[in-house]
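If you scroll down you'll find the structure; I have some questions about it.
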Amino acid sequence: MKIINLAHGELMMVAMYIAYVLFSSFHIDPYLSILIAAPALFGLGVLLQKYLINPVLKVEAIIPENQVILTVGIGMVLANIATIIFSSDYKTTPVEYATKAWYLSDYWRESPIELSLSMPWSVSFCVALVITASLWFFLTKTDMGKSIRATAQDKDAALLMGVNVERMRVFTFGLGSALVGSAGCLFIPIYYLYPDLGGQFTLIAFVITILGGLGSTVGAIVGGLILGVFESLTATYAGMGWAPVGRFMIFVAALIFVPGGIMSLFKKWKLGK
Amino acid sequence: MRKALPLIIAGLLAVLPLLGLSSYWMHILILVIMWSVIGMAWNLLGGYCGQVSFGHAAFFGVGAYTAGILYNKAHLSAWWGMPLSIVFVTIVALIIGYICLRLRGPFFALGTLAIGVILRVTAENLTGITEGDLGIMLQERTWIDKTWYFYIVLALAVVTFIAVKMIIESKLGYYFVAIREDQDAAESLGINTTLYKTVALSLSAVFTGLAGAFYMNYMGYIDPKIVFALHDISIVTIMVVMVGGVATYWGPFVGAIIMVFLAEIIRTIPKLGAAHHTFFGILLIVIIIFLPNGITGDVQKLKKFLRIGKAA
Amino acid sequence: MAMLEVKGVSRFFGGLAALTDISFGVEKGDILGLIGPNGAGKTTMFNVVNGFYPPSKGEVYFKQKKISGLKPHQICKMGIARTFQVVKPLQRMSVLDNVIASAFLRVKTRTRAEEIALDTIKFTGLLDDRDVISKGLPLGKRKKLEIARALATQPEMLLLDESFAGLNPAELDESIGIIRRIKERGITIMIIEHHMKVIMAISDRIVVLSYGQKLAEGTPKEIGNNPLVVEAYLGEAESA
Amino acid sequence: MKRLTLIILIAFALSLSASTLFAAETFDLVIPLPLTGKQAKFGEMMKRSYEIAAEEINAKGGIKKKKLNLSFEDSGAKPETARAIVEKLIDTKKQPLIVGEYTSSCAKAVAAVAEERKTPYLVVASADDDITRQDYKYVFRQNAVNAHYADGLVSFIKNVAKPKTMAILYESSAFGNSGADAMEKDAQKIGVKVVLKEKYEAGSVDFKPLLSKVKAARPDVIYMVSYVMDASLLMKQIKELRVDAKLFAGGAAGFAIPEFIDNAKDAAENVVTASLWCFKMKLPGAKEYAEKYKKLYGDYPSYHGASAYSALYVVKDALDRAKSWTPDGIRDALKATNISTAFAAIKFENKEGYQNQNFMDTIVMQVVKGEHECVYPDNVANQKYVFPIPTWRERR
């Protein structure tokens, strides 16, 4: 949709607080709270887009990036409100399986290598995969999804084809918020929570999206994988203190050399064939 | 009257220390003026040339570290950082410009944001040069009294103001605005957009860096998380200009007054104090929606708005 | 001697050819009309000459110097100015400031630039609108502003991309007058236009493009009689 | 326009007058703290502790019959704001002494102002060595310096664990850096070889690349200097990767707060950490304070809170003794401080290049059956340490 949302991490933070409240008051498992947090975030996203971002897109201003700065303001407000409500204490949802893991050597005594698989990480991974797959299906196979992609590609053309661009924007932003909301629920068992947590994850989200290619679901996965591998490499060979430098270097490099992201390379390669 | 306004304001500011203001108010004034300088610098690039940078902390930090490293390694007075920061900041600006200025619009914003973070982490890791996270502390600041700091930063502000005004009213200014309005059109009118964007970036960076070098001298302590801060420097810079007025001479000054002075007042209101981020977040949102060019940028709208309020 | 020479220019986008092996020349002081159906590659041709796209193959020469591969601003500095089909005024600047900005190409001081700008504005009939913010101008005046801005760079050659599209008859006549007077100043012109009558009336020579290929070249008369052109383009246009 | 100016003026006037009206019968103390931003958790904990102490002091008749009236100002962990607050306290509120702040960078800014303005400043929880190494006459620090944070732990390592090798992991911050450097030196002194010393960015999610390196280096001791929750993530992932060592040791901060155990759960078991204080240690007042805190806020405080709590007693003691409530009078009184508090015995000394620094014994806490216990040194310990510790596989 070409809307840059620097409050993305803060939205995730909101979802994590929802999961936290559900867990601590009603003992609802964080994974199950997706069912509540995602729709709630969808609603929040819709409201934000409808009453704040869409109006700004229409306002004529000298700086076209007003919309980006607006989301900074939204992020500030969300984080500060969270501080006021929940104080700045660190919260966690201490689920039983938080430190469970499966070990290869437990099943196979003489295994030559020690392999381990963390349970919450694996569950989060699988759920994330399911969500991504359904998103991909939704965007490519359904009418609504096609309208969204049309709007993203060419707003004016979509308008001419009878797509309600504004509604699509609102819906998409809601969808994006719901997704990041689910991510928050998947994340809370392996991480922790405090009001200012958002910022760093907004940045990581951008790195991944740009790496993979804006507007590409598969690209996001590829981008995530590349970033993961690259970060491990910098951490191993240059030291973990340098990992953020690696992360943002590859980001800037991608912005400049592969502006369409990795997926555009694939397309080119296919075309070339 | 209009022409004399800068003189009057500079004059008024210049006699302020003679009134025997407490050192607390002097501190606030110094911060207001320092932020005006940074705001004016950002405005040159963002407001006039249309390149929205989310990484001005990079230049602020390099300026501050130039002063800090000179003091720490070369055992010179940190004041040498002011002239020398011009050189270093320009070099950094040229490199950043070479990398980021080929990006357009929001991608430039994201690119500069990333560079800001890269510089911070680099400063944290190059412990041999920057002392890393331990930061650099001046054993003794030059003066205890704030009057001289005030005049130095005021002089810096006046120079910046005049420079910005001269630039904007010259060929450069026309070119900057042309680039902001339409990069393709500007290019086809014979404007070397890459060159002039780099010029805008470098000029903006130099003034920001000077403010950074001043900060080192004034505050006496820096570390990477302070001077390369994404939120506390880069984003506050944008807010100063957005709130005060985009592409106006006085906007950054008004913005700095609001962001420093008003922040100070609101922060100290009991109970509500902790919510000052909410206040500024909402202020920013309201301004972007209703006065998208800031308070001085949309004076007409503001006047209309206030008049309606009175009538009702 | 040709002012501008296009030699075997091709331009591909991905796998698609927008221009295929085009060659033609523009004589000094002439008006060359570039016509062809939508999507024929006319604007792409302009973008190649003007430097927005480097040609994939072939070269462009201006006054015997190779300009293909140069940046648009370098080409403009050498003396080729252009207008855009979709007008690109510097929206939040006044008409005068728009023109001053381009006048700075050849002069250093603001006073000189303003003199040139005022001259140009007078020449294009925009004097009364000089303080209007260009965003608020009606289309006809914006088209004139495009021309004024291009002229203020004091070019030797002017590329006009559909400067007449969307004008009412009165504006049209006025614009034709302006172009004739530009020609009188000795400026070479290359023009893209859909208005057949206009193009036939003002052009010295015409090049016809179709699907990225050169279909024909000649005087308006020759073109009017060329059966290929009539079939591919003119006939179609008249029946439409 | 007029209306706007009016509102601003009123707000401004209110903020100035609010605290000066009742000055006669009370002693006003404004404490700068980070109440927003990433450090707010500690600011909050300290704020609550100050409040508990103030209430106790007032219940017993205040300071020289004057009610201690506390208020707090949020510095957001920004040095320039901290500086502004302190300049205001000294100038407009004429506050004769400064207490507070949390981050070392803010404390450095405040210390510089305090020294310049000749107003005593009591540092409560900022650990950076440099703060009391500047020849400052007016800056006092009651918590240990970072270089000594791990003294207790080092002696524990030397006398109990007796390792040959050590890996040091630390977060990228002033606290992490100086903590790691100090441990490296100490390790050398006790003949332990540091096989790996590596830094990470605070707030990281995935420590596995780092831990794989640790695993390959097979150190006997893994020493980690981490703020907040990085500590629990590190231990969780250590457990997951089954990185075994004779001893997992933390350098205070993140390892010493209750959230560490809440979050790391069984992965926290047997981890030892340096600490300045533990509510279970044998120290009069410690337990009472901790219970009061727990009753009000549902959790036990860490040493940061205890230090803040005791700071007010140090202040009260100094004010009681001070010949005059002027900056110099209070400074002289502080200089002569010699009291025992719920945090530690406090006495400001000049030695080892530090000025007006309180030297305290630091302790070792260990997580035993899901709770922090004070295990070392023996004279304050409430329980015997668990050593050697089982491997991860054995714990299953």
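The chains carry the letters A, B, C and D, assigned in the order they are written, with residues numbered from 1 in each.
Keep this in mind: contacts are C-beta pairs under 8 Å (C-beta built on N, C-alpha and C of every residue); 3 or more make two chains touch, one makes a residue touch a chain.
Computed from a predicted structure; not experimentally measured.
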item	value
Given chain B and chain D, the chains that contact each of them	A
Highest C-beta pair count, chain pair	A-B
Distance-to-centre winner among chains (Cα means, whole assembly as reference)	B
Chain A and chain D, separation of their C-alpha mean positions in angstrom	35
Whole-Å gap between the CA centroids of chain C and chain D	72
Computed distance of Cα centres, chain C from chain B, in Å	43
Euclidean distance of C-alpha centroids - chain A vs chain B, Å	31
For chain C, residues that touch 2 or more chains besides their own	92
Residues of chain D whose C-beta touches two or more other chains	35-36, 172, 199, 201
Numbers and ranges of chain A residues touching at least 2 other chains	62, 80, 83, 239, 241, 244
Chain D residues within the chain A interface of the complex	35-38, 40-41, 43-44, 172, 198-201, 203-210, 212-213, 228-229, 232-233, 236-237, 239-242, 259, 262-267, 393, 396
Chain D-touching residues of chain B, taken from the complex the two chains share	22-28, 31, 121, 124-125, 127, 132-135, 137, 139, 141, 144, 219-221, 223, 225-226, 232, 262, 264-270, 273-274, 276-277, 303, 306, 309-310
Residues of chain B that touch chain C when the two form their complex	169-171, 174-175, 177-178, 181-182, 184-193
Interfacial residue positions of chain B with respect to chain A in the complex	46-47, 50, 52, 54, 99-100, 102-103, 105-107, 109-111, 113-115, 117-118, 121-122, 124-125, 180, 230-231, 235, 238-239, 242, 246-247, 274-278, 280-282, 284-285, 288-289, 292-293, 297
Chain B-touching residues of chain A, taken from the complex the two chains share	2, 4, 52, 55-56, 59-66, 68-70, 72-77, 79-81, 83-84, 199, 203, 206-207, 210, 239, 241-242, 244-245, 248-249, 251-252, 255-256, 259
